[in-house]
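What follows is chain A paired twice: with chain B in the first complex and chain C in the second.
So, the complex of A and B:
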């Protein structure tokens, strides 16, 4: 039982990492229909911004906030300089997947050429370990769980309660109708990219804190699990992304405790395949039926 | 030619043949039919591993040096045929799971995931294909030819690879430019129209998935018999991207174009990077190779999406012939 409870504890931490990133990934996808495979590169890029600030003496949590803003800016630039022009050039949904994967390959290797093949770690003590019942969590773990809860809550409230959220949902259902109704499409899309980039930044730094060592490909490698979580939840749904993150996070950590730790990612993907066989659209799905990319 | 130059030329030629065959497999899926198979590299891999274990002999004969399943020492060319069957079978299973019910963007994501799963499983289960170290000491089948020097034997292998490539190319031409090829292109262009005509898009996607898987496996088998080794670090999921670039640069759906693209991208960039004035740091060189590949893809998608040698499109006369009754 103790093993089980502590595994669930680790599972919640993994789920928090996944939730921060999956909500960001899915938010941008639902608004623009662009499958941004360079999301992992934004995570890595922000993670290294935080590393630069942290190694020159800044507190890691402050560095995380600045890195998250940088992530937002990188993400907006990616859209305005690259994706947007490609979409207006007539690239289809299908072609955009190739554009984003090219971007991921280019940015990951620019980072690798800059930092080299070595592994890095932040100068951040994980804090005192706290026992809550049988759970053993560090202060760092609790902070990350808190960030995940906050990110999800803010996203959900923005989508449900604000004018911006309403415009985003409108855009995801029918972009041209939204534009005809006077929704400033460009601005909403840019804000979606910014929000998604901020979450990529937060997720990247949180991931690097939890894995304790990281390299130029850590973000993109993790992106595959993020995608699994987002797809399990039903891509495009913030609620679904959180649920998917919890399912994938807890199943992998419990599996790692009782089974082969090396194969824990395989479990995540087994969950994905089982869910997709039963419910091809994911657990929750607010997917637009429209298949047009919005730039 | 000196022995070293000859070896260099032989290596490049074998790589070109293998890359072209694999790129044709992907062209059939992505170029002609429009299936985004981001797990393509695992099919090349299963081919390499199968050909490896089928020619290495029982694992116990290596004296504990490597462990793998289903070791046998089948005579040439049975390991290659086995590899193609394994590639087709794996593609059948993956295709049945992913292609039947999922939307195409979900398919692309699930393929990425499948590619990573395959790497994790093969790396951590050392009993399968010797884990992270991979298979090694796979013998070149031509090295058994009596009365020939090692060099000549390697040239015989090059000739064999070219013959295989020509055979595959002939079949590609026959399929892609046949009425059946038009059905495949219809899956890419307008699957609803195709289904309205009573054809199943999913069945045709599955079909090219299996054939493409077999071709990828064939290329893997040729490579492993030449290099002699195969390990997970050589087939991480981004490797698939190189074949996508080859297809895009050559021209989606164009058989000759894709062959040129595969030779230029798969082999050309690697050779060209050596001459760039960026030092000799292996990390920087490898990164430069990837960055150049990515930039070339973007440039082609922007400026010449139809590729170097665009797909031949048959034009029918605008006036429809009315058959008198």
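So, the complex of A and C:
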């Protein structure tokens, strides 16, 4: 039983890492319908901003906040300068996927050219794990769980209780109708990209803290699991992204504890397939099926 | 087509072109550039056909740290048969889907290509046949056992295969006095090469295996695996995994328990591995706990000193050259280029299909052969009509009929910032692990 509880605890940490990024990924997708496969590059870019600040002596958590804001700016610039022109000229959903893949590949190469083919670590030791009941967690783990909870709560409250959130939800259901109703779509879209970039930044730094080392491709390497969590939860749903992250995180850790650790990914993606067989739209999806990209 | 539509089409084409450039263009462009440069100077091209981008982007610079010092010394000695040597980086990307077209482009575009450094564990099986067909010698760093009895006559391997490495790691654990060990290997092709013999070797040597883990590489966490490992309380971990996986695993091990002695392989001597793992758990702790089982190449030999001096002098092509001076793969690549150059001199031709047959003639011990430790000395001896045996920076290279050469093994660890030999492993000790 102790092993199981520990594994669940470890799974919650992994889920928190996934949730921060998955909520950001799904928030932007739900508003704009752009499957941004350069999200991992934003995570990496922000992670390196935090690295630069941390290396010059700044506390890692403060560096994380600044890096997250930079992630927001990078994300907005990515949309304004790269994606926007394609969307305005009627690029299809599939076409945009190709554009975002191109952006991811180019961005990763630019980062690699800038930082070199090496590995980097923050100056932020995680310390020894604390025994909390049968759970083994470091202070860093607890902080990341807290950040994930806060990000989810703020996103959920923004979507449910604010004018901006209502506008975002309106856009996600029917962009043309939202525009006709007077919703300033461009501003809402820009804010969605900014929020998504901020969460990519937070997720990137959190991931790099947990992996203890990172390179120019670490963010992109992690993206497939982030997308898996978002898809399991139901792409477009913040609640779903968190639930998807919990499913993926806990399944992989419990699987590693009781099964062959080599196959932890296999187990996670088997769950993904089963969920999609039963609920093709994911656990919580609220998106319309006939959607166009919004810029 | 309307003007606006044309703009979209142009934008799309630019995106595709940029993508193509980022995915594969770098190799072709660098190849073409170097080829034209080579042609204009009549230089002989040695391709550094390794990974320069992605997660294993350090493999290319690692091989370059062997090639460029050799190029420097060979050209300083007047070149090969009056022609200069030119090392050309080509991004193989490490994945057969990319490295096969890159190899085909290289073969098709370069008329002056005389040799290749390349074919790592992930793509050797795909690209070696291409260079075999093109009759270009390829000196590979793959450890895969599928090449232990390879009939590819243009394939050459200086460093010991993974199977021998795994046995040596098990023998190393025994020699260091540990009886309770765990094995920990990544699930990639490179790490899996030595895993089976490390495990079987440990069993043959009657070591207690407390855990035998194969890790899915590149995961954000290995805490459950770490907890299982801690439960077995091993005295030492026999391990090989990529830098990212090793760093994450050992950082979590240090959070949840204590890091025991690590029995590693030459991968742990690579600068990227040490940067990643040292950054994760602390350089001092890594240096204290890490024992690397590596091919024995005494750092005091004339050949090694010649290499390191040329390495330092190659800082224009090899940034931060000192980081590679203990990297066995770089040292082996240096020897590979020198061997190819000496074989060309011995054959009196730079034609790859001819000089390939002279590679064993300049490396094998034979009666009356003059032992040489540098290209210049070998060239001079050959000019005097003498037979030579090149004993390079990795020590004697004696190829078997399958073009494999194995060295003895040593256990090394970092002392005062330098790798130093702790003890040598005898053939009997390794044979005991191998069941021979």
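The working rule: the second predicted complex is superposed on the first by the 292 of 295 C-alpha atoms of A that agree within 3 Å, B and C clash if a C-alpha of one lies under 4 Å from a C-alpha of the other, contacts with A are read in each partner's own complex, and residues count from 1 in each chain.
As a working rule, contacts are C-beta pairs under 8 Å (C-beta built on N, C-alpha and C of every residue); 3 or more make two chains touch, one makes a residue touch a chain.
Since the model is a prediction, treat every value here as computed from it, not as a measurement.
**Student:** Overlay done on chain A, so just call it for chain B and chain C: clash or fit.
**Tutor:** With chain A aligned, chain B runs into chain C, so clash.
**Student:** After superposing on the shared chain, does chain C or chain B touch more chain A residues?
**Tutor:** Counted on chain A, the partner with more touching residues turns out to be C.
**Student:** Between chain B (first) and chain C (second), which does A:227 come into contact with in this model arrangement: first, second, both, or neither?
**Tutor:** A:227: touches chain B, not chain C.
**Student:** Return first, second, both or neither, reflecting whether A:215 touches chain B, chain C, both chains, or no partner chain.
**Tutor:** Only chain C; A:215 stays clear of chain B.
**Student:** Quick check on the superposed pair: does A:109 touch chain B, chain C, both, or neither? Answer first, second, both or neither.
**Tutor:** both
**Student:** So in the superposed three-chain picture, is A:93 touching just chain B, just chain C, both, or none of them (first/second/both/neither)?
**Tutor:** first
**Student:** Given the touch rule stated above, what does A:17 touch, chain B (first), chain C (second), both, or neither?
**Tutor:** In the superposition, A:17 contacts chain C only.
**Student:** With both complexes superposed on chain A, which partner does A:269 reach: first (chain B), second (chain C), both or neither?
**Tutor:** After superposition on chain A, A:269 lies in contact with chain B alone.
**Student:** Examine A:181 and indicate which partner it touches, taking first as chain B and second as chain C; both and neither are also allowed.
**Tutor:** Neither: A:181 stays clear of chain B and chain C.
**Student:** Mind working out whether A:35 is in touch with chain B, chain C, both or neither, as first, second, both or neither?
**Tutor:** first
**Student:** Look at A:280 in the shared chain and tell me whether it touches chain B only, chain C only, both, or neither; answer first, second, both or neither.
**Tutor:** first
**Student:** Which chain A residues contact chain B in one complex and chain C in the other?
**Tutor:** 86, 89, 91, 95, 98-99, 101-102, 105-106, 109, 112, 117, 221, 260, 262-263, 265
**Student:** Across the complex, what residues on chain A touch chain C?
**Tutor:** Residues 3, 6-7, 10, 13-14, 17-18, 85-86, 89-91, 95, 98-99, 101-102, 105-106, 109, 112, 117-121, 126-129, 136, 138, 207, 210-218, 221-222, 225, 252-254, 256-257, 260-265 of chain A touch chain C in their complex.
**Student:** Per the contact definition, I'd like the list of chain A residues that touch chain B in the complex.
**Tutor:** Per the stated touch rule, the residues are 35, 37, 82, 86, 89, 91, 93-95, 97-99, 101-103, 105-106, 108-110, 112-113, 116-117, 221, 224, 227-228, 231, 235, 260, 262-263, 265-266, 269, 272-273, 276-277, 280-281.
**Student:** Considering the complex alone, what residue numbers of chain B touch chain A?
**Tutor:** Those residues of chain B that touch chain A are 34, 36, 38, 97, 101-106, 108-110, 112-114, 116-117, 120-121, 123-124, 237-238, 241, 244, 248, 283-284, 286-288, 290-291, 293-295, 297-298, 301-302, 305.
**Student:** For a test of understanding, state which residues of chain C touch chain A in their complex under the given definition.
**Tutor:** 4-5, 7-8, 11-12, 15-16, 18-19, 22-23, 52-55, 57-58, 60-61, 187, 213-216, 218-225, 227-228, 243-244, 247-248, 251-252, 255-256, 271-272, 275-277, 279-281
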